[in-house]
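For reference, the structure discussed in these notes is given below.
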Amino acid sequence: MNLTEVTMVRVYLTEGDHQLRKLLDFLHRDEQVSGVTAFRGIAGFGRSGKAHESTLLDISMDLPLVVEFFDLPEKVDRVLQDLNQWVEPGHVVSWPARMNMGE
Amino acid sequence: MNLTEVTMVRVYLTEGDHQLRKLLDFLHRDEQVSGVTAFRGIAGFGRSGKAHESTLLDISMDLPLVVEFFDLPEKVDRVLQDLNQWVEPGHVVSWPARMNMGE
Amino acid sequence: MNLTEVTMVRVYLTEGDHQLRKLLDFLHRDEQVSGVTAFRGIAGFGRSGKAHESTLLDISMDLPLVVEFFDLPEKVDRVLQDLNQWVEPGHVVSWPARMNMGE
């Protein structure tokens, strides 16, 4: 099995930040990261302690968003440096992983 | 780049457990964990082998829920000890990661 | 606290692949993996650079799907070998983690 070392990253936003589109464009166009997925959470709270939550009656609240991507470690390091300039501290988590490149 | 060691945790529940609210309150109020996000899956199965799945006709099934959080390793260790008392064994996974603290 | 080493895996598909059912059946029936969850993303793009995105007016697009599972490292290695035969290279990421087995 052919494995490649990668770095996994998860960036934590909320819908109220209005940064999802900007972040996806940055990763896609500017950094050409391979493999990016955005998820919407159903509840959450951040460092502020402010809760973000969805109910049946109120689906337009400030829900959590997570943007996940992975790429070669050197490339991710560079991307994280750039991200630092506009994503809040404490909202980006990364760890080493292996990508399965086939037989 | 200023990085801090953290521990990432994912706790696996299902909607039928009715534990999401209790778990979020525990992490938020009791443990004051910074950074918690809950996600709803679209399908899944656990150790029981019982499948949990959503279809267009049946959106109220026992879908999987995941609660993800991260914090300093010592703090997470303490939280995991406490969680042990009411979350089923085998439903909590954790790993080391780095949190990006800005420049 | 009783911890067991596991390997976490995330497999990246899109709805247009029509592979979710096959992958879940494979993991459940053939490999009897314990603990599998599938998530639908709200946006994403892969190695092709093609964007996958959901809007209110178009909820039937080719959205990203992620299937996450964890099990003992030897078992996951075997599953990954088998997965290699039909999941595209670069779409499977794994890393070591610890599963909390209770007190």
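Think of it as A, B and C in the order they're written, each chain with its own count starting at 1.
As a working rule, a contact is a pair of C-beta atoms (placed from the backbone, for glycine too) under 8 Å apart; a residue touches a chain by one contact, two chains touch by 3 or more.
Computed from a predicted model, the values in this text were never measured in an experiment.
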Interface residue overlap between copies chain B and chain C, same or different (over half shared): different
Angle of the C-alpha superposing rotation, chain A to chain C, to the nearest 5 degrees: 120
Euclidean distance of C-alpha centroids - chain B vs chain C, Å: 17
Interface hub residues of chain B, defined as touching at least two other chains: 39, 95
Of all residues in chain B, those that touch chain A in their complex: 1-2, 6, 8, 20, 24, 28, 32, 34-40, 65, 70, 95-103
In the complex, chain A residues that touch chain B: 12, 39, 41-47, 49, 51, 64, 66, 77, 80-81, 83-85, 87, 89-95
